[in-house]
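Look for chain A in each of the two complexes below; its partner is chain B in the first and chain C in the second.
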Partner chain A sequence: MRNRAPFVTLPATLLVLSALLAAALPARADDVRLETRSGASSRMPLRVTSLAPAGDRDAGTTAVQADEVLAADLQYSAAFDVARAWVASPQSATPIAEVGGKWTVRGSTVRLMGEVREYPGKQVILAREYVGPAAKWRDVVHRFADDVVLQFTGEPGVSATRIAFIVQEGRTKELWVMDSDGHDPRPLTADRSVAQSPSWSPDGSLLLFTSYRGGGAPQLWVLSPETRKPFLLSGRQGFNTGGMYAPDGSGLVCTLGMDGNAEIYRLDARGGSPQRLTSHRSIDTSPCWAPTGREIAFTSDRSGVPQVHVMDADGGNVRRLTYDVSYTDSPAWSPRGDRIAFVVRTDSGFDLWTCRSDGSNTTRVVAGGSNENPRWSPDGRHLIFSSDRDGTRSLWITDLDGAAPRKLDTGGRKAMSPAWSPRMGATSAR
Partner chain B sequence: MHPTLLRTTVLVTAVLAMFAVGCAKKGATPPTPPPAGNTTTAPTNPNPGNTGGTTTNPTTPGSQQGTATVTDLRTIYFAVDSYSIDGTAQADLDANAKLLRANSNLRVTVEGHCDERGTVEYNLALGQKRADAVRDYLLGAGVSAAQIATLTRGKEFPAVDGHDESAWAKNRRAEFK
Partner chain C sequence: MSGRVLVARPGRAASLALAALLVVLASLTTGCYSTQLTLLRSGLDSLRVQVDTLTVRDSIAYRVLADTRTELQSQRDLILSTRASSGSTLSELFDQISALQGKLDEVLHRFTTVVERSGAGGAVSAPAAGGTAPASGGAIVPPAASPVGDPAQAYDLATRDLTEGRYGMALGGYREFLRRFPASDLADNAQYGVGECFFAQAVFDSAAVEYGHVGTQWPKGDRAAAALYKLALCQERLGRTVESRKSFEELVKRFPGSSEAGLAKERLGSSRQ
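So, the complex of A and B:
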């Protein structure tokens, strides 16, 4: 029983998916943007004008909705302070630029000719056409918005991403996904069981999650949000929890109880070849990769209470992350590599903190209520987390600039354990 | 015989045999009532290491035929962030050990639970520590290892919905299922 090898039961589909994943993702070069801090810088005033509808008679209907999606994307990016030209409001500062364009709907195709004009001369500094199926017109707007962010910050925005999360109904917890702006929340499982801790593969094609769906102990499962068919990745004796793919997709880290105690293991992309990374009689859990793949942050209560630690990817060189805050858990390493987010226990639950990856500069970023499971956006500008700060457990985003966190509308559902997807494919035109 | 047909025949025979054993067993031992407050997701097989139909074995030599069921076992409670067995828990576990020794046909799963204040991941590990601590105590008290399986439930299945110490104290527990 103890040495039951779960990978032998894996369907060939998953093996193929894993192979594609490994092949499609060459080892990432060292961070090229280490000079840019995680979190937002100051917001630039930006004016968004109405898109001019053309083509089919009903183009105006989606054009009006596209205006709002575009303005919301740019505001959510935390790069801009957005003024909507169609809303009468005093402009607080002279905008640096004006965003707009032409919205053409013909049959089942939508074309957005996006334009950015710089103030004060209104010269065109970005003009690009985005084409997509009319049924997915929101994605067309997101791609333009992400390019506008690129134009002004040097890095694309993240509106064309998705968020996986857990929805609780009574005593069941199912895996869901929605667009990053909260649009179209939809379930991916219907197990009437308890799912937890989703985590995306580096290319955004697969979701790892912990689930009791197997009927016994918690196990690691993986599914494609397209097919929604879960495959067992690790169902070893004891418990199997909290998996996260390596940045290069070559394997994952997770917590297993198969050796009689909660230890952290590395598995290959199919869930096989377990390699034990920790060896301590205390609880070691919640492993999380550095974006370089060279280090792993994790939680251990080896010093008495849970504390975030960092170790080398082979399990060596274990060191405690912070000494000025205690009872820390749920580490999440920024995709920029420079900071680590974590939770700190309080009387009412948890606050959200970040620090530099060497443990210095500890900063509380969210307090009030209980705030859990912080996860970074792929650009490292935002943190998504779950909180009961307004009474109901739901999902919130902080832009790390001191502004109040923003609640994501999940239709009143009890939502938790968010995971922000990586960017889905290129943000270039067409 | 065609290999597929052979396999089917063997399978059908095996299923029929298991069914017969299951029927015979029903006559020999009183059926275990479903645990109160059970959820749709709770495992029904208390010993996943065994194959179906063999969770109770009335023919084991020297076994004792008590009439106790899993619901007669006491729930064990824990201090904050702790999996150690304190004085009250010891007394409850001594009583449980006595009952399990007297009913060696009784197979149980110890489910470790936590209050809501730790994180999901940490509590899944802590729940296993609690279940293991209970199992180890019972083994030390002379209960057969074959009678006890363990399972962590983390903070996913609170006994009491509430967000204060009185609720949390009731949720930091090891249940017998």
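So, the complex of A and C:
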């Protein structure tokens, strides 16, 4: 009898083929096994052409900006190798398709008639109209970009998502949010206190975070990014930290110190009915749900040094995740369920690693500087993390395909502890 | 003339007698006072001695008391120090046991990996499928083998299905594993996995049956405590509270050192309230 057996690698399946199959099947298909690996893919060459402006006189101006936003969205999706038609550079490979369309601005409304044509035949693969307020024209472009990704991978992109994060100014840390491409960073709290560890509700309407705003001990608070008014969720004696909503939104897990030791508890969605999930004299922290809601990953020092462990969602059946690396922390379970990201301590800080959900196939994905707080994008293709790799603590994204991580522009602010929102609403047209 | 003489004679004698008496009395009275004073002085001296004695004794007693108090304090400190030291030592021992347990797990894991690698022909390190990620952490991946003949691979495949939510496929995988490899050391894990497939889909009656098999077929397996805990949870969710309570109590009794026992105690405690 043993805890775990080494995992033998399955033959890799082509991402495109599997993704197209996924598109044709229910999300929890029970009759076909698909190999949709987080992040590991080869990029498809894609050509983006300029959007043709129409309507008001200033349509041309925003059309040029929309071109860039569209190209960047598609490039950041990690599904495509994008060539911009308005940039004179040799195409590295024959594109599989061309993306473009018509950009019309009339009054306060913007209308994008997006088109995808196969290449070189130019046959239309996708033609869809997107309408929105001119003030939010970027959202219109994001929706089209996400549909292009859906068209080729079977899963929508994540352009129309947001990222919550913490900004440190002096001794205070406030909760901020921005678009997933780093646009429009804005504060959500102004408590002159310390906020930590934001986490989104499954529908993206609420942000759970830890804050000292209520006094001397950390408490769990929740706020809507729209109203920005925080509500206390758990202010029990001792510390209340590291909350994360269950995938079905029925409750949350967090670390409470009300019994004198750091233990993981499950609370209902209102913060009540605490149910203890760990019972060990060691310190148990950083709980993180599996996307199925059946298991929880967490950090415990029960084996001597902090290590990521996994347990069943009701507690019990605790097993250590990895044996190949020492001192691991901050687990984050991929939305696809296949991999778990975590940090491994090094001489200079932390590196980012991932492994399969059974602990096998441990792989270092980001090194250099100190890299912390990994969180997955909703499509499982990207990891966002905080790093001081360029000297300042800021937010970075890795596409897990060997390419260098890219930095998100947070206006030079000291940014950390990111949390990627789920997809907000539909990506359909109009 | 003789009459006056007679009268005068007794008066003089009386006066003389009175004087003598006075002299005697005076002399007697003076001696008595002296004695009384002596006695009084003696009493005072005695009292003073007693007071002095008491004072001395009191000071001795005070000193003894102070010494005793100091001694008690030092004894108390010693006891506290001993207790703290014992607690600290115990705590260190617990920590060391935990660390050793972790190390043992690591060694066992590596041993298992080596055994399976050598059993599979000793081939080393197939690259991760689609593994374009940089700088691998050195995980040694066993070579690909046919799921048909490799129990570990068949088990892992079913486990992956379970973890990623493909419960039907996971159930089939675990059932097939148990049919083909009933004597494998992963068989109890697979049986537990069967229970998990039902539990995840809220089919608690079936899950209870499958968890029960873990306890009866592998009563000392490493999934026995977890399976008993899950069995109790199934019974609780099915409304069989008496059975559930018995299962929790059995868990605490049979596996007192398990983390599940701690959780069971919590459940039992909360059900009493």
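One rule holds for everything that comes next: the second predicted complex is superposed on the first by the 395 of 430 C-alpha atoms of A that agree within 3 Å, B and C clash if a C-alpha of one lies under 4 Å from a C-alpha of the other, contacts with A are read in each partner's own complex, and residues count from 1 in each chain.
Please note the rule applied: a residue touches a chain if its C-beta (ideal position, glycine included) is under 8 Å from a C-beta of that chain, and two chains touch if they have at least 3 such contacts.
Computed from a prediction, not measured in an experiment: that's the story for all the values here.
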Touching A:T172, do we find chain B (first), chain C (second), both, or neither? first
Looking at the overlay, does A:T328 come into contact with chain B only (first), chain C only (second), both, or neither? neither
Could you say whether A:A290 touches chain B, chain C, both of them, or neither, answering first, second, both or neither? second
Touching A:P306 in the superposition: chain B (first), chain C (second), both, neither? first
Figure out whether A:Y212 sits in contact with chain B (first) or chain C (second), or with both, or with neither. first
Applying the document's definition of touch, where does A:T410 land relative to chain B and chain C: first, second, both, or neither? neither
So, A:T278: does it touch chain B (first), chain C (second), both, or neither? second
When both complexes are superposed, which of chain B and chain C contacts more residues belonging to chain A? C
Just chain B (first), just chain C (second), both, or neither: which does A:W353 touch? second
Please report the chain A residues shared by its interface with chain B and its interface with chain C. 1, 305
For the complex, give me every residue of chain B touching chain A. 39-41, 43-45, 48-49, 81, 117-122, 124-126, 128-129, 132, 151-152, 154, 156-157
With touch defined as at the start, can you tell me which chain A residues reach chain C in the complex? 1-12, 15, 28-31, 33, 35, 37, 39-42, 276-282, 290-292, 294-295, 302-305, 307, 312, 314-318, 320, 323-325, 336-338, 344, 353-358, 360-365, 367, 400-402
For a test of understanding, state which residues of chain A touch chain B in their complex under the given definition. 1, 171-173, 191-194, 196-197, 210, 212-213, 215-218, 238-239, 241-242, 255, 257, 260-262, 283-286, 299, 301, 305-306, 329-330, 343, 345, 349-350, 372-373, 417
Per the touch rule above, chain C residues touching chain A in the complex are 94-95, 98-99, 101-103, 105-106, 108-110, 112-113, 116, 126, 128-139, 141-145, 150, 152-153, 155-157, 159-169, 185-186, 188-189, 192, 196, 200, 218, 221-223, 225-226, 229-230, 233, 259-263, 265-266
